[in-house]
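Data first, discussion second: the structure below is written as structure tokens.
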Amino acid sequence: MSNLEEKIDEAKKLSMQIVKETEADRLMTLSVGPQHPGSGHFRFVIKVDGDYIVNVDPDPGYVHRGHEKMCEYRNYFQNLPQLERPALHDSSNILYSYCLAVEDLVGINVPRRGQFIRAIASELDRLVYTQYWLAIYGIFLGHSTMFMWPAGDRELIIDLFERFSGHRVTHCFSIPGGVRNDFPYNFKEKCLTQVNYFEKRLKEYEHIFYNNPLFRQRTEGVGILPKEDAIKLGVTGSVLRASGVPYDIRKVEPYDIYDEIDFKVQHMKTCDSFARSYIPYLDMIESCHIIRQLLDKIPESGDVRVKLQGNMKGPPGESFKRVESGRGALGYHIVSDGASRPYRVKISTPSFRNLIALSYLLVGSKLGDMPSIYWSLNYWPIEADR
Amino acid sequence: MDSNIELKNENILLSVSSEILKSITDKFSNRIKIIYDIHNRSKIMVEPESLVETAIFLRDNFGFDHVESASGTDYPKEEKIEINYHLGTYSNSDLLPYVLVLSTKVDREDPKSNSLINILPSVELFERETYEMLGVYFIGHPRNERFLLPEDWADIPPLRKDFRSKGR
Amino acid sequence: MNTASGFIKALESGTKHLFIKRFTLRYPEKKLKFDGDGYQFDPKRGVGIAGLRGRHILFHDKCTGCQLCSIACEGIAEAIGMVKIDEHWKQNKKNIMPQIDYGKCVFCGLCVDACPFYALYMTNDYELSSFTKSSLIYTPSQLAVKPRYDGDVEIKIDSKGANHG
Amino acid sequence: MGSITPDFRFGNLVGSIIQLVLVILAIVTVLILPMIFFTLFFVPLPVVNGQVLTPYLFFSMVVDPSRTLPIVKFLMHTALFKAAIFPGFLFASLIAAATIFIERKLLAKMQLRVGPLYAGKVEGIFQLLADGLKLISKEIIIPSGADKPIFWLAPVMFVATSAAVVSLIPVAYGWVVADLNVGLIAAFALLGFFPLIALLYSWASNSKYPFIGGLRALHQMIAFEIPFFLSALPVVILSGSLNLTEIARSQHIFWNIFVMPINAFVFYISSLAELERIPFDLPEAESEIVAGWLTETSGMIFGLIQLGSYLKLYALSALFVILFLGGWYGPQIFPHELIPGASSSNIPLLKIIALDGLYNAVTVNSIFWFIVKTFGIILLMLITRGVNPRIRIDILLHTGWYKLIVLTFINLFVVLTLIYGGILGPGGMILPK
């Protein structure tokens, strides 16, 4: 008889263990990891309750190379090849702001034709970067044609880069004091024909992607970042302009010859993931417009570079300069103490500044929205880790 | 549909920045030191204690609502780590290109500085990175922990001058 | 009904692309044409001449062994080492010339900018793959050889869309 | 620059080829021939000009031309041939293989790129063969915590079910593997298995992403089965029978799509959802949940599932053709005799070339039209893949239940009014049954 009671107690004890479903049981932690096809070299751990994301913990750093520490071991010219690596597809813009900061530090101004060439290179690079970002945005939403067209049309602009800067992507073209070489012989007509054809190709994206009702359903009203929160979080670039703040460094704090160029700052008020994906597209059309203006305003002759001594000494002091790169305001804060190597270089990249909006937007959204919100933030993991 | 901001020319800007600096100096006369005021950049040095106060004052009076970049620089000779916040503005339309550098010096041995996260939320990731790279503990910051470096990082904070990167 | 028109326009744009010529460059059969024969730098005027930054070419009669290119590359990739050579040149007292390790070189061209004697230029040749890492190290005599690169294809834009000629 | 691997000797290559040929010859003579002889004793052989064929006579057909046609004709009408070769598995997998190749080439052309090029000298013809061999040779990795029996059984069930659906499809009058008079309901019943297999497989692979993918597959396919069946309802009412051959034969003058275009559209959309094709690619949405319920597939398991899904693609587009596009009816293009006057002439060789006993103009014509229409629908499904992004799970369920089900009722009323008005349907004026 006694073992019968034991069995009953045991069964009672066992039934006690089946407790009510706690909160922890409902949540499933998913690591949208560095190898995940939907996140690039970046990981964020999300807690999912059914189809809703409850908690997001971004964990960058997989491609952290310590560029700021590397800057302290190289002189101002040797920094160029390594500083262009974080924003590989936007290398003219990331070097543009470095060169501006060094020129501000040393106090030289670049000859006029050099400024024009540098501006044309940075606008062309904006096209190349935005095309690459748009291609990945297409494949994130499962639209394989939208991956192939931009990735193919980008080749038109990369071909131009091959002609004048010698490299397809890592062209290391702008240098403190101007640009490294002048345009080749018949560059102007080739550039105009290819940029005009490129703009004609852009019109096609509207039919197949932006006006596609399925794309609209997936992005309109998704990931709302209201204007005050956008300002409070200090986001930059297309994410800010999509929330209704028309802030573009080229218009607000014009560097080099951007004050002579007239162009509209594209911004929308819908603050959702559709606006954040449509603004870079409008920027691309605006950039084509700017390139045409630059090409017919460029002075015919004149040197393109101020010759600086190889290991020039930076005067003690500091400078902070910003440039509107493909993703937003990209600033360099260079402190120098008179040696030929910078004492401290702080790169403030737009992706690092937009990362804060990721957890703000993803919490409460659906798992299906994760790619369209995450990539509409124009987040480039390599640039955020530096 | 978009309002095109008409641009102010430089000299109005200079007067605006000097007017800001004048109003700051008469408010915090003794604890403020103006380092430089050129083109549209100016830098003010503040004691660590009055950092939060100045930030609140700047945010409320002049509309400095976000941080362009916040970083630290290690000065081993003066035994100090200098933290500077580059304050920018989106809402105050006549100060748009202007960047004010609010900086403070913190002792190098046990660097502590109160965090501006409640005043300017955009500093959260910058401060966390400065903690990791320079070892400056931000009081009030929710997550003073590892951010970019690998999990098993056992060395001293890498951006300090006495950290020798192995390859060189 | 904009959803229906959206679908129809998307379908129409998709099928329209079935008749545009394909854009891919069939690499091994056809190669891109570059004008000029590589990136050069004119130290007197202090500005480069546009050209593709491919494999270097070293002019033995101009190189003085001044090591400026190896010092320039020290900070970037440490790809250039100075190496003793056997023949004796009048202007090269120490008989040393740069040897470039293409396993490390990032082709940034700053060594060409650093060379004051018009001795180091870059060429159009970018096909440097090899089976072993050691055969990527090019000795000065290998660098002196002018590579033969004969690409003849360019991007042509016509009514049937852009394609590689 | 590139050099062939150093230790390559041409002699060894030729030697290994000869050795391979010898081994094959040995196996054929020692093993395969006796097996053929052995089975021939059990296979019922036909009666040819008065004689019952014995296995030895069977082999004489290679020599005596007059015997080949009757034997081939007899073999073609056996159930094994129908199931395994013509309207059954081999025919469907050939069409599936052609679909895979056309899809890759079409998508490439639409995306201004080239698609498979180097496998096989002409524009990558052998790419499929290469993929197949690669998949066969790849190792099947079974995750540690996986439920092994279900893990490798689910893909086999997947292919079996899609082959079962293929077997119900009539390609021409009389040419169908299983001629059930409840054909349509059997097809839908079989289609009900797929969500079950998807869930079984994803649950067996014991990891998070497949689990989410499996649940999504379940939701999606169940959500779309209702509009799927409802859109086929008016067809059944109109043709008065569930037998797929009867449905096809009831449309010999008047294709159903002209009466119920909206239902055809709904059927097309829900078949896209059943097939997990791009607008409804959620169960295997790679950018959100790695590869959905296919994450743990590797090697031949992935090959089987690909084969199964493309078989299903053929089956569903063929079903669409039978229900709405009038099955195999089309203008008669093929001549009644391949070579005019062949059957009257008495030259045996001419008869064989003209396939006089075998060639039936009406069947060949209906098979031709059936294939043309099926490839038309498959082409439409491929173009939708190139043009649309993926939609979110709640939008998918919303469209499935609110929009599509409502759409099916419109045509239902149209068909009912036509029938009660006595215009169409059984006993109606236009279509005297």
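Every chain is named by a letter (A, B, C and D) in the order it is written, and numbering of its residues begins at 1.
Here, contacts are C-beta pairs under 8 Å (C-beta built on N, C-alpha and C of every residue); 3 or more make two chains touch, one makes a residue touch a chain.
This structure is a prediction, so every number in the text was calculated from the model and none was measured.
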Which chain has the mean of its C-alpha atoms lying nearest to the mean of all protein C-alpha atoms shown? A
Of all chains present, which has the mean Cα position farthest from that of chain B? D
Between chain A and chain C, centroid-to-centroid distance (C-alpha), Å: 27
Let me have the rounded angstrom distance from the C-alpha centre of chain A over to the C-alpha centre of chain B, please. 23
How many angstrom lie between the CA centroids of chain A and chain D, rounded to a whole number? 46
Could you grab the centroid distance between chain B and chain D? Build each centroid from C-alpha atoms only and quote it in angstrom. 67
For chain D, what residues touch not just one other chain but two or more? 110-113, 386-388
Which chain C residues reach two or more other chains? 7, 10, 13-14, 17, 23-24
Is the way these chains touch best called a line, a ring, a star, complete, or other? other
If you go through all the chains, which pairs of them touch? A-B, A-C, A-D, C-D
Please output the residues of chain C touching chain D within their complex, sorted ascending. 7, 10-11, 13-15, 17-18, 20-24, 26, 127, 129-131, 161
Of chain D, residues touching chain C in the complex: 1-3, 106, 108-114, 117, 383-384, 386-388
Listed in rising order, the residues of chain D that touch chain A in the complex are 107, 110-113, 208-209, 212, 278-279, 281-282, 285-290, 385-395
Residues of chain A touching chain C in the complex: 73-75, 77-82, 145, 152, 155-156, 159, 162-167, 170, 172, 180-185, 187, 193-194, 197, 204, 207-208, 211-213, 216, 303-305, 307, 310
Within the complex, which stretch of chain A touches chain D? 28, 30, 36-38, 51, 138-149, 152, 208-209, 212, 214-215, 217-218, 366-371
